[in-house]
Amino acid sequence: MYRETTIVADENQNLAAKEAGDFIINVGPQHPATHGVLHLVITLNGETIKKVEPHLGFIHRSIEKMCESLTYRQFIYVTSRMDYLSSHINNHACALCVEKGMQVEIPGRAKVIRILMDELTRIASHELWLGAMAMDLGAFTPFFHTFRERELINDIMEETCGARLTMNYIVPGGVMQDIHPNFQKKVKDFVKQFTSKIGEMDEIVTGNTIFQNRMKGVGILSKEDAVSFGCTGPAARGSGVSCDTRKIFPYEGYEKLQFDEILENGCDSFARYMIRIREMQQSIRIIEQLIDNIPEGDFQAKTKAVIKLPKGEFYQRVETARGQFGVFIVSEGGTTPYRIKFRSPGFSNLSALDHMARGSKLGDLVAMMGTLDLVIPDIDR
Amino acid sequence: MGQMISLSEISKIIDNWLRATFNPTWTLIIEMVIAGVCVIGLFAVLGLVLVIMERKVSAWIQIRLGPNRVGPKGMFQSMADTVKLLVKEGLTPDGADKFLFNLAPLIAIVVAMLLMAPIAFARDFQMWDINIGVLYVSAVSSVMVISILMAGWASNNKYSLLGAMRSGAQIVSYELSAGLSIIAIVILTGSLSFNEIVHSQVDGWWIFKGHIPVLIAFVIFIIAATAETNRAPFDLAEAESELTAGFHTEYSGMKFALFFLAEYVNVFIVCAIGATLFLGGWMPFHIGSWQGFNQVMDYIPSSIWFMGKTFFLIFLIMWFRWTFPRLRIDQLLNLEWKYLLPISMFNLLLVTAMAILGWHF
Amino acid sequence: MTGSTIIFYLLALLTLVSAVLAVTSRQIFRAAIYLLFTLIGIAGFYFWMQYDFIAAVQIIVYVGGITVLIIFSIFLTQQAGELLPKQKIGRQVFAAAAVFCSFALVMLQMINHHFTVTADQSTTPTIAAIGEKMLATTEDGYALPFEVVSILLLAAMIGCIVIAMRPEDTLPNEQDLQQK
Amino acid sequence: MSKGLPLWGRFGGGFMFLINYIKTVFSTVKSMLVGMRRTGYYFTHHKEIITEEYPDNRETMHLPERFKGEVVMPHDEKNEHRCTGCTACELACPNGTIKVVTKFDITPEGKKKKAIDKLVYHLELCTMCNLCIVACPSDAIKMAQTFEHSVFDRSQLTKVLNNPGSKIMDGVE
């Protein structure tokens, strides 16, 4: 069809699959459709997608290997750099896993602060996703409107944790510093603003006919497929798979809180979209339950300066904004882990992309990637 | 009416002076040169104004300040951008068809220039009062698609090719409903000449005296015009989230600037045509028998009326762009073939009935 | 030599050069673009003769319609970027002879035809006149040819739709796509 | 766009199709207008603008006191700091950002006492994780609220935190 200038990453495989009339285009690693350095080799038939092959590794930093040379206090900061949009939650998982090995009971105040931070992070992540999702579909304005609320969360984080993106606030034994005196007031202000402004998204995004037509019936991922691809988080809950770690394996006192696990049965992009919108409201609900009930006390348990984990294997999973995040630590009894392994949600969710995208149009691929909410450093680590 | 110095007066003075000084051939040549210089000047001004307008509109919609560094309130930002584009290297990719690659932006800009000819900018101020003005515009604007197809193919880039194919399908389809909504007005006025169309609205703009059918035609025209100029929500040819930049992915420097300029000038032209057909061109706004009000309206120069209406439509198109998400290619064609075209055909029947029965004012 | 003549020769040059290039170019896409310029040149002639309506129709039909279709079909063909093979010498000679014969025929007609100069200024047709002529059922009206052409186009359109329509069961379903 | 029957579908469904068709058109137009009303609101309400004009508001801009910009060592007016040279920060740092170079001072009693010669801080390696601050037993170092760290040469990012000629504060062990 065209003068052959294709750069095919994996030549043999692609040439074997290439038929007459196939049109191979590369999306990424530098491309506005990918929110990071993901490389997709897309085989097209006209505008219709025949195959999508993700090529990974452009931002691989071997974080797991790096962690093996760092002590149990030090390695947590690296995990903020994986899924940088839910860095608190990543830190939380690591801290929980280390605490499991240390067998310390952390104070109630620290627990509540951690949950509050997690939920704020979740809202911030979903806000960014919502804007980026709309931008993938060609609407620029929602991006700036959602950033207005996200900015408030970032300000809260900056005041309490001292950073806006990679906080390194949750440490083994509790949290690094006590919350800032303004914290409660600011969070209440945020909740007020958020609930008054989230309706605007219905006007310019959710209710828009073009948007609905771009989302409904697009990127179908059936319940069975979602399970077999190992999808978690909103991507799986959009297909009706109940997989909220906060509900099925509660940690840190989530079992005492009143909130719903959001499930949609649409299996399409719109279901995954609605999941995230409704999850933000559940996060607000959790924050409202906790913000006035932060118990007094220490923000950190008394721990030794140098943490040593007993010999053994420890695993902890949490629910990040994208799905289930797991930390697996093998300890030989020293100050550094012998082996560490992260189960990142983005990697499994990405694997479903090819299945979802086949047979749909090129424009919808971007929407599907949007609804999977891929964060590339999370996939590559 | 008590006209002050209007554009037509100025042009008449220049014309008389030239005729008195030179022989007719030289007069014609000099007038052509003046017209050419004016068009190029208008292009430059339009490019500068529309770019800064787009950026400010988008900024305010997006709760931002927008450009605010260069000049007062950032008003000279687009000049700085132009200088940047001028001094940038114009790259030609190695595998490109160099002749066609360099020709495509020129065609885009020449087509935009040709489209300027029959537009009535003010009372008695028109470069070429061609008696088939409307047909001329739809004919010449159909050449626009060639430049996009050419750019897309000659770039030797797959994104460009996809963008060009999309754009071709899109423009060819939307020309139909744009044409049909223009024909609605042509039926009501019984003329294809812009001048006569404007004069037919002396007792009221068509959008007011044409009832609902003309309103529908106007809405369809605006939608089709947005699609024909490749602007969001119909910017599939560029679709930056899917195709990087579509047909002009490989263009840089001045060649890109020409495409960019042509896009904005085309927006201006379709809005000018919309203003002429539906909003009375340079006709001032009159309300029935309010003599005082009408005289005040008459006192505003006709060129201001024309520009005001045109820029209102341009603002409308920009408002669309910063509100709506982009359509998918099949939805785009569905919208045209399943909605706009049947509706405008039915609407055309209504308009014809209205014109025959004389139901309009 | 007046300005009008200069414009005529310029248009003729554009038309002829691009026509020759359209035939001789070995890149099919470029040939289509040269053809486009030929057609634009012809439209320019109509404008030059002040037959604005025909000029506009020429541009709409040939430039906006036919050339776009040609370019589309080039896009959809395999190896559009390749150079076309060189024609055999015999074929070239035959083509040249055919071109010469038709050129001679046209020239013969033109020489034998006696052009009469009229002082009639009403040659510039108004739109109303064209419309009335088009729909007139009198002897020199064009209602019947107009309708015949419309029916022909309608038939062509229906034929296109029938060809383009695939029965539902031959459409590739989800399973087929997955197996690929 | 509509999920109704195709236009050429059964005649019986034709009327329902037409109703659905018109409904689709109206709901589409309505949803568009709702969106345009919202963006139009923001276009006309400039008070909602939230952007800051960053380099212009340097004077009025306040970062929160916990903001982690870079590690600094506060000195009092007598040019004294609180660092004992215990290297706890160096050990706590995951990246080797801090290097403590020690020397031995002679105290007035004639005893040798360990003190810092230089506390070298590599800003280019620092990830602002705050672990050194937490690890410091004598609160000698803290985070500063600076953030404009760009320089033309990366060697300028290697800093010595203690002032030349500074001494340890009395009473800090």
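Order of writing sets the chain letters: A, B, C and D. Residues in each chain are counted from 1.
Just so we're on the same page, a residue touches a chain if its C-beta (ideal position, glycine included) is under 8 Å from a C-beta of that chain, and two chains touch if they have at least 3 such contacts.
Being a predicted model, the structure only gives us computed values, none of them experimental.
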item	value
Chain of greatest Cα-centre distance to subunit A	C
Pair sharing more residue contacts (C-beta pairs) when B-D is set against A-B	A-B
Subunit B and subunit D, separation of their C-alpha mean positions in angstrom	46
Whole-Å gap separating subunit A and subunit B, where each centre is the average of the chain's CA atoms	45
Subunit A and subunit D: spacing of chain centres that average the CA atoms, whole Å	20
Centroid distance [mean C-alpha coordinates] between subunit C and subunit A, Å	58
Per-residue multi-chain contacts in subunit B, two or more chains	61-64, 156, 161, 322-324, 331
Residues of subunit A whose C-beta touches two or more other chains	2-3, 141, 145, 148, 204, 208, 213
Residues of subunit D engaged with two or more neighbouring chains	1, 32, 35, 38-39, 42, 50
Residues of subunit B touching subunit C in the complex	25, 28-29, 97, 99-100, 103, 130-132, 135-136, 138-140, 142-143, 145-146, 149-150, 153, 156, 161, 164-165, 168, 172, 175, 190-192
Interface residues, subunit A side, partner subunit B - complex	2-3, 5-6, 23-25, 31-33, 47, 134-141, 143-145, 148, 204-205, 208, 210-211, 213-214, 361-366
Subunit B partner contacts - residues on subunit C that touch it in the complex	2-3, 27, 29-30, 33, 36, 40, 52-53, 55-57, 59-60, 63-65, 67-68, 71-72, 75, 80-81, 124, 126-128
Subunit B residues within the subunit A interface of the complex	58, 61-64, 95, 156, 158-159, 161-162, 166, 232-233, 235-236, 239-244, 322-331
For the subunit A and subunit D complex, residues of the former touching the latter	70-71, 73-75, 77-78, 141, 145, 148, 151, 158-163, 166, 168, 171, 176-177, 180, 200, 203-204, 207-209, 213, 305
